[in-house]
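One chain, subunit A, links the two complexes that follow: it is found with subunit B in the first and with subunit C in the second.
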Partner chain A sequence: MSRWITVEKRETPPLGTRLLIPLLALGGTFLLTSGLILWGHANPLRAYYYFLIAPLSSRFSLFEVLVSATPLILTGASVTFAFSGGYYNIGAEGQLYAGAIAAAGVGLLVGGLPVPLAILVLLVSGFLAGMAWAWLPAWLKVRWAVDEVVTTLLLNSVMAYIVSALLNGPWRDPESGWPQSPEIAASAHLPKLAARSRLNLGFLIAVLTLIVLWYVLNHTAFGLKLRAVGLGKSAARFAGIPVERTMFAAALISGGIAGIAGVCEVAGIQYHLIDALSAGYGYTGIIIATLGGLNAWGVGAAALFFGLIDTGAQTVSRVLGVPVYLGEVTQATMLLVTLAVLLLQHYRIRIGRR
Partner chain B sequence: MKIIEMRGITKRFASLVANDHVDFDLERGEIHALLGENGAGKTTLMRILYGLYRPDEGEIRVEGRPVTIHAPKDAIALGIGMVTQHFALVPTLTVAENVVLGFNEGFRLDRQRIAEEVAEAARRFGLEIDPAVQVGHLSVGQRQRVEILKALYRHARVLILDEPTAVLTPQEVEALFATLRRLQHEGLSVIFITHKLAEVMAITDRVTVLRDGKAIATVRTASTNEEALARMMVGRESFGVRRETSARRGEPLLRMEGISAVDDRGLPALKRVSLTIHSGEILGIAGVGGNGQHELAEVLSGLRRPTEGRLLVEGRDMTGASPAELNAAGVGRIPEDRHEGIVGELSVADNMALETLPRFVKKGRLDRQAIIAHARRLIEQFQIKARPTDRAKTLSGGNMQKLLLARVLSRKPKVVIAPQPTRGLDIGATDYVRSQLLAQRERGAGVLLISEDLDEILALSDRIAVIYEGEIVGILPAQEADVERLGLMMAGAAREEVLP
Partner chain C sequence: MEFIVSLLTATLRVATSILLAAIGETYAERAGVLNLGIEGTMFFGAFVGFYVADLTGSLWIGLAVAVLSGIIAGLLMALFSVTLGVNQHVSGLGLTLLLSGLALFAFRLKYGGRSTPPSIEPFPLLSPFRGIPILETLGEQYLLTYITFLVIVPLAWWLLYHTDFGLKVRAVGENPEAVDAAGVDVYRIRYLALVIAGGLMAAGGAFLSLAQLGAFTHGIVSGRGWVAIALVIFGNWDPFKVTLGSLIFGGTFALQLRLQAMGLQLPIPYETFLALPYLVTIAALVIAGRNAAYPAALLKPYRRE
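Our next item is the complex of A and B:
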């Protein structure tokens, strides 16, 4: 008789296992990335200290974590909204820029308004711009069943060209010649939440968005309809839920939230529209939504964690001389490991005799 | 010689004991029925034998040898094949490709050779089927044949059939039985799950009865009868609900005027159908399966657009209305395919609330408490074996059907569209559903009962319309209908004056 290791499927993973998932994912990510760090002639433990602990140890860097997390919370929320309704919006990146363009443009005009009103106008116009950019693929999807993954993805590139055309054409800075739009009116700047830091109202807007997301998905009829559509289209249709309309609404709201992310970057951080406004936040949002299990709190936690790694990556590369890309590699590894662990929780490993 | 022995099999799902120390054995070359109410644990026991679930306790022996079955591939290697309640075929592949999929296909896909091999196997097992045709184009009965062929092609010596007849027309059932008898002579052993006692008497050698997860008894079919089996299953003998009063037919509720529709392939499925459902009556639609019943139900629930004609609900033109609009107008439909009507990942309570969400909204907020309370009430009233918070996909087949029924009837619709409402239900539940349909009629609703079961049609309907090749070939008052007359009409051999 020999020993066997067998893997078998189980239906419902025990609660303990589910709580272990983040820890297992973290451990797995650490092991995998350690190899890379060693290869870069650095000490993995020190690297992880700078990654995970150091950013939390000073007030300034702690706020920086929140600043990095802000757009991720918003794009994560945007993607969660769409994915919950079974609409696979890959276009948060483009919708973010749509919102950013609106903020940069409207921001020039609101100089005479009181601050709260100016900000409100910016937020609304950013939301509408994001929605508008999401409209075409959503319409194509519900009217002609055109695959939204393809269309939303392609529109991201189109948006990149539009931004580039704007910045190299009408909005090019007349004095410096930089491809950046004129600075928006001071009344439209999102107020700082703390002195000598970049932390601004945008973070609170992101948190508020998460709360709204949670409430809508879990405590409204619309949210339940949305999830029903996402989890079983034909059954939802059967129950009399207007599937197309629900999906369409989810797509538009998702675009709007991504637009808000653009507004927060322009009005909270840059005060201009620039080419590199987003470091792929729209795409990272997909990862965040997936890691967060399409749950508002999960999205919040994942976004904060990614913000932490982003901030930490700067320090790690400065102190240890490893490339900044390590941060991105770590995030990507994290995603893969977490997905693997999520899959594995449905299996049980037995060691025994046959 | 026992080919399969299961000893002391126990399977728990959290606090629920689906199988409780079950003993079961199967002789070589016998057809053995597994009988029990909805949720008794039949499917669970078979899923354990096929390696889809892992027993918490107990032992399985195949030909006397203890075995561990971790996955279907282990079961297949031991010569066990299973045809589930829901088929596992890829509709866009051909019959031959489906049969070999995941088995013996080699590296290169040699379509020619595969087709020949499968055709040869089909001939050998006497399962008439064209291996080159796409599975998506087959009828349910033919798909089932493909599933059986698939199992036999994998050298199955034991075939598990989970409610194979639930989806078949009477003719197809006859064909299946003939096939099974022939295969039995060649040494195949069959485990046969059904709710129809007549089928048990007709084809099986022995019967094992499960009740609440326990094996109550195993008896020789020859030494028992339907009443005794019913008593073992649920503890009472007499079954059968019939309409007793005659209809107090009221005003017309739903009227179809010259409605035509095409099927999924674009072929005509309904041809100028005109029917009227009145308040306080049950209108039965009799017909051999596949003659347009499916499309008829879909048109009436807004899932399929008619190509011509009008649909009137209480005099209002609702041609082409959406399911939501028809719902709102008081037309309730019990789905034909329960998987089509249930969102498996949502809870039982959420599924029950899905059609009437506005009722559960208080100040813009979903009232969870009310949703749960509503579910409790329906579970109690319809005797569903489930808790409100269970995910709907964990329910047994019959209980899913009850859930959907409860959801529709709790809304007190004016018109009830009931296609195959008792498919997959145990005898107790079947009676319950039939009495519920009669109760709907008493309360003044109009019921459209679509069924392939003539006994059911005759027991409940006030008027009976016969559908043949998408046409209504006659409408009879129940008093004038009998099996022969309906049978002739269903076969397209006779027409009756179509009464308005």
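Our next item is the complex of A and C:
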């Protein structure tokens, strides 16, 4: 038996290799995407300046990076929670919109409440809505062993139609006729953290969520059980862990966190429910959770970096006319390149026939 | 009667793209690889087919290049899931995000400045049964629909169940260690299965842009790849049962199109109908998928010790 590329296991990765991994991943990604930049008639070096350096050079754009990172931190945390328990929730996108619908609806009713209470009500209802939308696939999984990957994906499509039905029906703006819900009460707007910027309380909520995620996963009995189920269901069952119940709880909490992401976008940025509320944040959350190694701090770092890429892609598009989708391509490329490079840690790749 | 015939006619048309992709996924999963790159491969195939057809003026060249792009996507999936042995959920979704991003990037770059959405003259409908009642309407289909139902599906069944290649594909999806011990190259079989899968998925996407629509839009695939994955489970990895599943989805989709076209004044929003095929797919999955016999080696990377 022979083939051109073989992968062999090696026991301990050399230190040099481990340090090299992030650099190789970054370098590989930029090399691959610079072809696209050239195709878009721009100079890759200039593009990467606007992509990665320019957003950090002004106060406003720096805050924009944090604004972009906010939903990504939350969906990354959501996915991390589910994946840690071996539950493949690919439905964060739909659950985010469920939370957004709750925020847009409840936000209309809380006008009489003091600000902290109004915001708390919004967060709780968004969490519950995300949980509710995550309930069916979770129940089908533990009750009938129906594959959650497929059901959560299909429900994302269903949710897109629900949002469309709301925006073209009862919530269509009566004055402008735009497909957007009425503006939520002022008491439900998340307070700004800095003047003349869009940075708001949502960012702090996201950071707090990360801290809770870290604590629960690493310092509670539930987190231990969850990770045991994620590592191997039969071993966990043998150890007396209620596998189904643990997975079910992980699925619902994951949905709830994604719901919070929707609340933060509605109450922190848009103040309306709109069709394009999420630029695929639910799916990007999967990349972030993976790059972050299903670890809270890793998720935080990956989300900040992806927030930088999102902001940078806007700048590149504005200044150099390269389509803004460069950001998405870069993020996906980075995931794939990193996955490949990570293997260098444990495997030696041999090229040529044996 | 007329209503039923026209409904069935539309069902066959709508089912074609999903069926092509689902047959592709059947090959992949039979060999032990869940290819979540399906949605992106369809989307990319839809774009490449449209772009090349627009550029060259030939729909067939467009289709051929789309299939080629799907083959490359399949090779990429194989590189990650087979050679590198990366988690199949993550690498598949990564591939979908990459290909979707690439298609959107290229579409914006090539057609961004236009005020009207670009379109092409799509494949014509054939009507080989002129003058025969019912069949005349029912048979009014695209050549690709005929090829899909009469060639691709039976061929998949024959290949998988009645050839040495099919035996090997099914065996590497069940017990790769044993197949390896018997002297068969597991990697090679999985690569081949993923290449066939990618080509069929891209053809399914290109059918949408080159036949059904004659245009490319952001929502052209809108979850059809995920439906195809559900149908493969529903059909128990058997090409004919998968076909049945795609007809159920196609039928529901065609029905909602008819109901919308009838302009009934209903107290429910029209999006209910649009969401219906997805809900029916979930229901079908729950009913038939509970006893699904997954290929035993699905999701498990194989590595020689």
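Structural remarks
Everything below uses one rule, namely that the second predicted complex is superposed on the first by the 336 of 354 C-alpha atoms of A that agree within 3 Å, B and C clash if a C-alpha of one lies under 4 Å from a C-alpha of the other, contacts with A are read in each partner's own complex, and residues count from 1 in each chain.
Here is the rule we go by: a residue touches a chain if its C-beta (ideal position, glycine included) is under 8 Å from a C-beta of that chain, and two chains touch if they have at least 3 such contacts.
From a predicted model like this one, the values you see are computed outputs, not experimental measurements.
Overlay on subunit A: subunit B and subunit C clash in the combined arrangement.
Of the two partner chains placed around the shared chain by superposition, neither subunit B nor subunit C is touched by A:S58. More residues of subunit A lie in touch with C than with the remaining chain of the pair subunit B and subunit C.
Once chain A of one complex is fitted onto chain A of the other, the partner contacts of A:S157 are limited to subunit C, with no touch recorded for subunit B.
By the touch criterion defined above, A:P323 reaches subunit C but does not reach subunit B.
By the document's definition of touching, neither partner reaches A:N43: not subunit B, not subunit C.
Of the two partner chains placed around the shared chain by superposition, subunit B is the only one that A:T220 touches, whereas subunit C remains out of contact. By the touch criterion stated above, A:Y283 is placed in contact with subunit C alone, subunit B being left untouched.
In the superposed pair of complexes, A:T333 makes contact with subunit C only, with no contact to subunit B. In the overlay built on chain A, none of the stretches 99-107, 333-341 or 351-359 of subunit B clash with subunit C except 99-107.
Touched by subunit B in one complex and by subunit C in the other are residues 9 of subunit A. Looking at the complex, you find that subunit B touches subunit A at residues 13-14, 53-54, 68, 70-71, 301, 303, 322-324, 326-328, 333, 335, 339-346, 350-351, 353-355, 357-358, 360-361, 364-366, 368, 394, 407. Residues 1, 3, 5, 7, 9, 36, 39-40, 88, 90, 140, 144-147, 149-151, 153-158, 160-162, 164-165, 168-169, 280, 283-284, 286-287, 290, 323-326, 328-329, 331-333, 335-336, 339-340, 343 of subunit A touch subunit C in their complex.
On subunit C, the positions that touch subunit A within their shared complex are 34, 36, 80, 83-87, 89-91, 93-95, 97-98, 100-102, 104-105, 108-109, 112, 183, 185, 187-188, 222-223, 226-227, 229-230, 233, 269-272, 274-275, 278-279, 281-282, 285-286, 289-290, 303. Note for the complex: subunit A touches subunit B at residues 6, 8-12, 218-221, 223-225, 227-228, 231-232, 234-242, 354.
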